[in-house]
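One chain, chain A, appears in both complexes that follow, with chain B as partner in the first and chain C in the second.
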Partner chain A sequence: MIAYLLRRLVHTAILSFIIVTVVFMMIHLLPGDPATMILGGEDAQPTQEDIDRVKTELGLDQPVYRQYVTWLGKISRLDFGVSFRNNEPVASTVLLKRLPRSLMLGIPATLLAIAIGVPLGILGARLRRTMWDPIISAVALLGFSVPTFVIGTLLILLFAVRLGWLPAGSFVHPLDDMNGFLKAAALPIVSLALSPLAVIMRMTRSSVLEELGSDYVRTARAKGLAEAPVIVRHVMRNSMLPVITVMGLQFGGLFAGSVIIEFIFNWPGMGRLFLTAIGQRDYPVIQAVVLVVALSFVLINLLTDLSYAFFDPRIRVDRN
Partner chain B sequence: MNTISELQQRIQRLSDEQLSRRTLMRRAGLLGISVAGVTTLLTACGGDDDPTAAPAATGTTAGAPDPTATTGADAPTATVEQVAGEPKPGGTLRYGSRGFGLIPPQIDHTISTTLLQLNVYDTLISYDPEGFLAPALAESWETPDELSYVFHIREGVTFHDGAPLTAADVVFSFDRILDEETGATRRPEFARMASYEATDDFTVAVTMQEPYATFLSVLANRAATIVSSAFQGDYDREMNGTGPFTLESFEPDVQYVLVKNPDYWQPGMPYLDRVEVLAIPDDSARIAALRSGDVNFAEYIPSQFVAELDADPNFTVFSGYDIYNYIRINVNREPMTDPLVRQALNYAIDREVVIDLAFVGLGVPMTVGLIPPNDPVWYSQELDGHWSYDPDKALELLAEAGYDDPSELSFTLESSSEPNHLDSAQIIVEQWRAIGISAELQPLESAVRVDKRFSGDYTIMFDGAANPWTDPDFYSLYISSEGPVYAVGIGFSDDEIDRLLEEGRSVADVAARQAIYLELERRLLEVTPFVFINFRPQAEACAANVKGYVRVPGVGSASPQFMEWLWIDDEA
Partner chain C sequence: MVGSTNAMEPESSLQAVSAKQRPNAFLDWVRWATRTPRVIASGGFILLLALAALAAPLITIGEPAQIRSGEQHRPPSLEFPLGTDEFGRDIYTRLIYGARITLIVSIVSVAIAAIVGTTLGMLSAHFGSPVDTILMRFADGILAFPGILLALFIIAFLGTSVVNIILVIGFLYIPRFQRVAYATTLSIQENDYIEAYRAIGARTGRILARGVLPNILAPIIVQISLAMGTAILLEAGLSFLGLGPPPSVPSWGRTIQQSSRFMNLSAYGVIWPAVIISATVLAFNILGDALRDRLDPRLRT
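Right after this comes the complex of A and B.
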């Protein structure tokens, strides 16, 4: 088990290194110059001397390979540098301010997707060949195919603009005002949860259906077990493996959705920071966000793999 | 009124007359005359040759079609009420901003960032609600001769850290602007001073190298802020000004909280206790936040939302035409090296159609140059309508330039992806194609476009801007061979234009300057380094109970810099 964990951690390190290297090269290949963006962007009129001075300050006058080596040296000492735009230390901005705010949406959204998606999937499987199954499937399909930004905008129009029940977009820290936080976070969490909810629901449905036809289910029913224990104790345990895999992937994928959702709902999390940083060519911030996302993706996958053993004792992780 | 000093005395007098002007406006409000009408009247009273009285391209002033008039009759009346009401202290303004980044003073870093700075910092000279230069930290000033200025600094003003404002701080601020390390936006203009010194604790004497007609406007510019010489803090994180509000907290790109400065030098102001500025970069999100009440003031309302918000009694909309769209042409790159080609491109654009389609009919075509047609002093009536839609003439010019078959003329128009630019760019490319030109459109991301703009790596590029002041010397920014906005990237240089710009800056007589700028524009129409398209509407909107906002002529969409005028009417 420990050997397996170590092996996975080494894989994680290598994978992260490759990802950040590729991203480093990609953003430096992108046209656009951080110096001109710092000196005022769209509205500014800096002179060439101003631009050169800022480039020297930021080390951007060096060849890319040298910038890369410098950056690797820093990152290996966990020094993420400071933002080009506002001299804020990147590590504290990204990790302490922005990441927690994104998780405040991401974790509830995932829990919501699981809490609704799994029971709905089971229900769909149980109600197969009734009029309810196609209805549940159609709703799921809708949730899966309508883009988050459309759903988000529609929710704002209905609940914030038309009905005026919830704010259209603002951030309230739960420690300052729990009630305000719940109101502010409700719409973004729901928009963010819809797509993974649909995926989890469909996966649960098909997986449960498969298991329902198994011999052990017939046996369980034959020995007079009530339907509920059959589902919960036998079918659920056996059908959860593919569902868990999907949950892990969906949670990782939430970052992609959060970029758009945080922009629409004006949520100052990591996704919005990432978008601004790309627009402004704020290299240190882009790098740090990519690294954080890559690491969490890998970490979640690791946890998913480990959880297989819990749900299915036949799987022994250290056997491979 | 032939010399600068006479002109300035006149400006002083005008600001003294402010009170009676306000009274007039109040009466006008009672009689139901719109502000647009009153301002027309006032501008007429102000005399035709007063350049500082020249209203910039705002819809609430004379001449240009009034956008509020076409979108609903209640908006101008609301403005009058706001001027007329009795301000009440207290309340919080929640301001939806397009976004902000850096906060060091004296750098113009997008309107959204800089206008907020001016609620914490002050300038020596500012504007009054009618757009006239008004005393701020300089209580008054004299001009003993054409080259000299004496500024009397207001006494009893303190910075937010408690240090008193003296002439030494003004000198320090000038030093800081001139220091290359600061990267100050107005360094080139300040460099026209020959010397400046504090003659006593509250007097600063300035001598120019040569007469410089724009100097007072430069001092009123939003990047000419006065900072404390004693302040040792970090300007990236702290702000220490003399303005109506102090900075309480700041998180880049997220939120910025300003609180009332109890020691502000303007008695009774500011009225608001607190201003919370939220960054809401997405246009629809910003408008949704206004409609749901999350914010009670929003900047940068795109033209397609103006009519809709204006029709809603819960909101007041203020719009004007201070921003314009234009196309920069790289005159040193084929096929744009031939002025005939550049002229043809101008004639082949139907500006009215662009305005109708891209800006729902709200806009003012630019048929000459950068001076708005409602400017009573500087607009060249003789040249009015020069760039009119004339496809036949465009084809003739192309034939003369050697393009008998217009499809041989091929190029790519590069544009930003912002709808304010891209919509017009699409229409214009289609109009060029309609007469046979092989034009293509390439939308670019902001950072890429800015980079190309500076390096001059484009054939023609769609762009937008606003004039930094009403004095026509703003042409220097574009077409002087040192002009930072346009000429540097592509190496544009025209001796005659350079000569005329120099003359225009250094001559004080208004009639003589008018003649110079007429000649300059004639030359500009010949050389045609730009396609000027139209002034486009730009709007701010607030909840109906937010009062006191005035869209100042010449300041336009940067008018939220005067948050000390705003107050909240609980009973509304």
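Right after this comes the complex of A and C.
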């Protein structure tokens, strides 16, 4: 187990290093000169003097390898520079302000998707070859065929425009007003949860179906065990591996969803910051968001892999 | 037409016999497709949409961008089958023209991904490491990221145009085909008939094209149908965010975003494009599922 853990940690470290390097290289491969961009782009017609001054300030006149070393040192101290647009330090904006707001939607959405998706998937497997089976499968298929932005827009149309029950797009911090936060976040969370819910449900259904046909299930039933403990104690544990993989991927996919959902619901999280930064070519912000997302991906992958080892003892021993 | 000569007859009767013994694979397919309800429904919808997109100028009402003052937010009527939007433009006409861009982007990008990905996958399986290791790590790297984030990112730097979107989606989908081709080629290569190709001294190109490719086509076709569905989702998502095809093109995603600002006045501008995007993606997913069930029972979910 320790060896497995160490091996995974080394992999993760190497992967993170590659990501950091790629993100650094990106800015040097981009069309357009960052110094000109800071001074308002070509349209603002910055003088050569100004451009040189900014280059010196940012260290852009240094050779690339030295810039790379400086950059490594900076980000290891969580220093992502300042935004081109408002000169605020990027690290505190992204990590302290925007990321938590995105997680306020992302974490409840994930929990919702798991809490509903897993039981529905088990139910789907149990109801195989009944009239409910095709209905459940069809609903799941619909769930990941309808785009997130369509779900979000239609929910606004129904609950905000027509019924007027919930706000269409506002942000309330839960520490200021919990009730207001729940109202404002309800629609975005539901829109965000629907597609991962459908995927988790489909995966659970097929995985449980596979296990239900195995010998140990017959044995458990033969010794007179009730159906509930058969499912919960035996089938669940064995069928959760592929489901966990999907959960990990879906949690990562939530960032993709949050770009669109935060755009629709006017939610000032990391996804909307990313969109705005792309529009304004605010490179330090873009870099920081990409780094945060990529590294959380790596982290989630690591956790997913480690949970395999937790659920399946064979993995701890086999792979070395 | 060929006249009936005596010389032709033995040959044609021979064909008839062999057709009876070994049923024509193509006819088999047609029979399966026309007798499977979900294939009829999904395939029929896709076919209809493709035909409508091709024949767009013949079956629509004026230009998609034609603005009619005084005709804004009309409900569906004989004159405007699906109603009009906030500029009095005919929603039906815009959706049919939108289908053109959606289908062009998804078909071309999936074709690029399928060709490049399958080739890379077969090559890495055939040659083994280190090509194998490098190419498959690369695929893992791309697959680990959410598509739309990478797409947003690349589009932000390349700029928005139809060609760029096709290239980005094509690039993002390469690993899917690479993985499928890699895994299936690995298992196929163990067969004796591939060994036979080697024994007669066939070159790599011939082994892969004649020996391997026909036998890995089934899972690739399944992947094509599923990738079409997600490519449409991705294109619609990008155009919803304003990073899709230019504003002159009535792409479905952009239509929803623009009409959503006027939802309190009329919902038709949002509902119809929502229905058609969802139906199209659903059709490709259902078709993909059906194909998978027939071609590759092992992958059944």
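The definition used in the following text is that the second predicted complex is superposed on the first by the 242 of 320 C-alpha atoms of A that agree within 3 Å, B and C clash if a C-alpha of one lies under 4 Å from a C-alpha of the other, contacts with A are read in each partner's own complex, and residues count from 1 in each chain.
Convention: contacts are C-beta pairs under 8 Å (C-beta built on N, C-alpha and C of every residue); 3 or more make two chains touch, one makes a residue touch a chain.
Being a predicted model, the structure only gives us computed values, none of them experimental.
Of the two partner chains placed by superposition, chain B and chain C are both touched by A:L157. In the superposed model, A:P147 makes contact with chain C only, not with chain B.
In the superposed model, A:F263 lies in contact with both chain B and chain C. By the document's definition of touching, neither partner reaches A:Q287: not chain B, not chain C. Shared-chain residue A:N301: touches chain C; no touch with chain B. More residues of chain A are in touch with B than with the other of chain B and chain C.
After overlaying the two complexes on the shared chain, residue contacts for A:S170 are found with chain B alone; chain C is out of touch. Contacts of chain A with chain B, set against its contacts with chain C after fitting on chain A, overlap at residues 30-31, 153, 156-157, 161, 263-264, 281.
Note for the complex: chain C touches chain A at residues 144-149, 152-153, 156-157, 229, 233, 236-237, 240-241, 243, 253, 256-257, 260, 263-264, 267, 270-271, 274, 277-278, 281-282, 285-286, 289, 300-301. Contact residues of chain A toward chain C in the complex are 30-31, 141-142, 144-150, 153-154, 156-157, 161, 202-203, 205-206, 252-253, 255-256, 259-260, 263-264, 274-275, 278, 281, 286, 290, 293-294, 297, 301.
By the touch criterion given at the top, residues 99, 101-102, 107-111, 180-181, 183, 185, 236-237, 251-255, 278-282, 284-285, 288-289, 291-294, 445-448, 450-452, 454, 465, 477, 484-485, 488 of chain B touch chain A in their complex.
Of all residues in chain A, only 30-33, 36-51, 53-54, 83, 85-88, 97, 153, 156-157, 160-161, 164, 166-171, 263-266, 268, 272-273, 276, 279-281 touch chain B in the complex they form.
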